[in-house]
């Protein structure tokens, strides 16, 4: 692989990883703090994307639409938590699986009823072209935006969790909930807020990835499972773990699929090489997770003391 | 187990109407294709007074959601529960190949309005299968030939990793005389081409040829332009990635691109002029080649039912009537090969102004491939 | 039943304990409800094709067969999830392996059902043994994730093997043939497939009903609720769990072999995590750790889908609400609901 190709693929992997982080961050907080398996997390990502696409149709402004989608999805998430999901905290994980699975069905069809099966969403015209990062290497401007937003949010989340009082409460709740409750923390409000933030982060990812992928019903299902893998690798309840985990997974997946394809092309017909490369790269992600579970079962940066 | 159950025989009802099962991809990023085929087909039925060959027509439309297992169940439902006389409509080869056995096992004729893969064009040809579109390889053979006329020496190929994708690049390679410096198969339905574009950029080909229908092509071209790959590399396309659906979605960057097809909106034959006028009046948009295929399928069935004088229970007679193809196609001359795939002309088109501020395909009058069949028909030993 | 959350472990307090329905009790004795359902089952199994034909609804036999096959898969999952308390999120992998083992043999020209059964048992048994041996060393949510990981690996492997269809799937023209010569039963005949499927389901349900109250069954139930106590009592917990896991996997594989016979087609989607999720939903809906839970859950979900789809294209929406209602108001699943309804009727007399 030439140097330029390697750099470009590394940037692609980083971009994918950062978007994955936005989903994983919300998921790890919900699972870590509220001990709830939420299969509908990917549906919030989908709702965010649809809202952004719809708002762009209304307002014509990409920036306003993304902000609007984030706000609306955050509020939707909080309403969902207060209205329904709160009753599931006390229930066993199996019931949570069933309930959130039901939620996936309801949201998939609900979105279809309101918006249709898919909506077009384009990158803003100003970012539709390439940027010359250094002579001989051009990279799409839009993907640079995604990288920028992803990094900024990662830093912001880190500061929020490590440096603010709210963040301290969240960390306390994640590492030892009974103690946190005993210390008088308003758990209910905290949970609602955490869920809302998670939903808002999903919306950012959905809105930003919409122009690259497609805004369609069911778009959250594939990325959801990767988010779960990331939080297991990183450590349930840990934002730092989610960040490291998602970048690792993003890079293994992106660099793996092209690297392996090139290797396979040496001795397999192109159709087989093209099928095997991405497949084995995906397998590698799961093998990596299994390895982490074998040697460091709590994840790379465990939240619990 | 010799149990004679009415369950398992498809009853041949007295023909007082023609029932058609229409299964297509009507949702998702590539739904524009299925929607257009459906709209073209229904328009054809409507212009015949809601009848086909004189019999009232009932078209049962359903959505395969881009999933082969869903398509299989819909075929089964239409054939066993609704007792249709014909099945049609599927867009994608893999979905069609998964669902076809339902039709074959129950002696129901399938009219393909789009996919016509090489795997069933040769020794596995089936008398119940009629393709009213084109053989899968055809547009790409035409494009390879066109690339020769442009003196292109090195080309990088991209297609999705399924039957039609395989057919497409095989077709291009069959006629193209230059060098293929890359052959990349992507996942069917994939929408993010960052990795493939990076490889193309590193390989530095003279031209890139892609087969990426529907939403896949739209995304690829947008990202191709967005990544600045197009500056030094020509983009050559089959009409699947350059027709009105892609033009509408991508916009100005499409201007000037060349592509190959069996049909163009500016054909002057009377059948096409009527089709263009009626379609734009009914649906308020420019039809794609997919719509033209749906429309032609309706005309084909109309002609066959008319020729057997409404006796559609006689499948053999219907088959023979279909094979004669006594209808006026919007593409001009049309006839079936021995394997029931079309033999026809293929043209080069370019995207230019439609005079109203938009873009549309314009054809070159001289076909790049004339009276062209396919490379597999000689292996088909179908008895009539 | 012990009050401590199952899966909890005194020396590993950091591992989140997996909560598996403290309210789910295994029906260890044959109740009146069981007997009624059994009679209905036998009658339906024998007579359904004829009833459907008489109603002119012969098309629905394939739907009924699909329900039965899903019921076998769901029952096998119920064994490992309900009775043994192992939340395996990768069960679809075994169903898929059975389907592919059979499908590949048929596509290579081997149609004898004996070979198919042998291949299915061997492949799924080996896979379940390997996956189980590794996964059962973990607990709680990590067990879920590891079983999911293995299933996903198999899913991607199925996608990578272009020779047998890859992501386009594998179409087969022939089917399994039971027996020889004049007594050959070709599963291409829908009637034959139906009877074979219900026979397998019936045998599975009977075995499960016998298993619950047996010594082995009671041992498994004890270790579902409290690992530590089970070990203290001298049970070989690891080996018991592995045994249940393998048996469940093999039964799932048999369901897969039947499904490829029904569809004539198998694709990697059969191994996708959403399929594992669907199976779990069926089990929870029907009733965890009940004999009839798998069948009731599978039938309810698939019939809901079919009935609703006839009235509205938004059947997924309404199905979701029904499932939600069951979670919130019928904690022991539908079988539990039926059971308590009968009990309250009896009490009122």
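Per-chain residue numbering starts at 1, and chain names A, B and C are given in the order in which the chains are listed.
The rule we apply is simple: contacts are C-beta pairs under 8 Å (C-beta built on N, C-alpha and C of every residue); 3 or more make two chains touch, one makes a residue touch a chain.
No experiment lies behind these values; they were computed from the predicted model shown.
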item: Any chain in contact with chain B as well as chain C; value: A
item: Pair sharing more residue contacts (C-beta pairs) when A-B is set against A-C; value: A-C
item: Whole-Å gap between the CA centroids of chain B and chain C; value: 40
item: Cα-centroid distance, chain A relative to chain B, in whole angstrom; value: 37
item: Centroid distance [mean C-alpha coordinates] between chain C and chain A, Å; value: 31
item: Sequence positions of chain A contacting 2 or more other chains; value: 271, 275
item: Residue numbers of chain B (touch at least two other chains); value: 161, 187
item: Interface hub residues of chain C, defined as touching at least two other chains; value: 162, 166-167
item: Contact footprint of chain B on chain C as seen in their complex; value: 49, 52-53, 58-59, 61-62, 162, 166-169, 171, 173, 185-186, 189-192, 263-265, 267, 269
item: Residues of chain B touching chain C in the complex; value: 1, 3, 5-8, 67-69, 72, 76-77, 80-81, 94, 97-98, 101, 161-163, 187-188
item: Chain A to chain B touching residues, read off their complex; value: 1-2, 4-5, 8-9, 12, 15, 117-118, 120, 122-123, 128-130, 132, 138-143, 211-214, 216-217, 254, 257-258, 261, 270-271, 274-275, 278
item: Contacting residues of chain B [partner chain A, same complex]; value: 27-29, 31, 161, 166, 183-187, 191-192, 194-195, 198-199, 201-202, 215, 219, 222-223, 225-228, 249
item: Touching residues (chain side chain C, partner chain A) in the complex; value: 14-16, 18-22, 81, 87, 134, 138, 141-142, 144-146, 148-150, 152-153, 156-157, 159-163, 166-167, 273-274, 277, 280-281, 284-285, 288, 314, 316-317, 319-321, 323-324, 326-328, 331
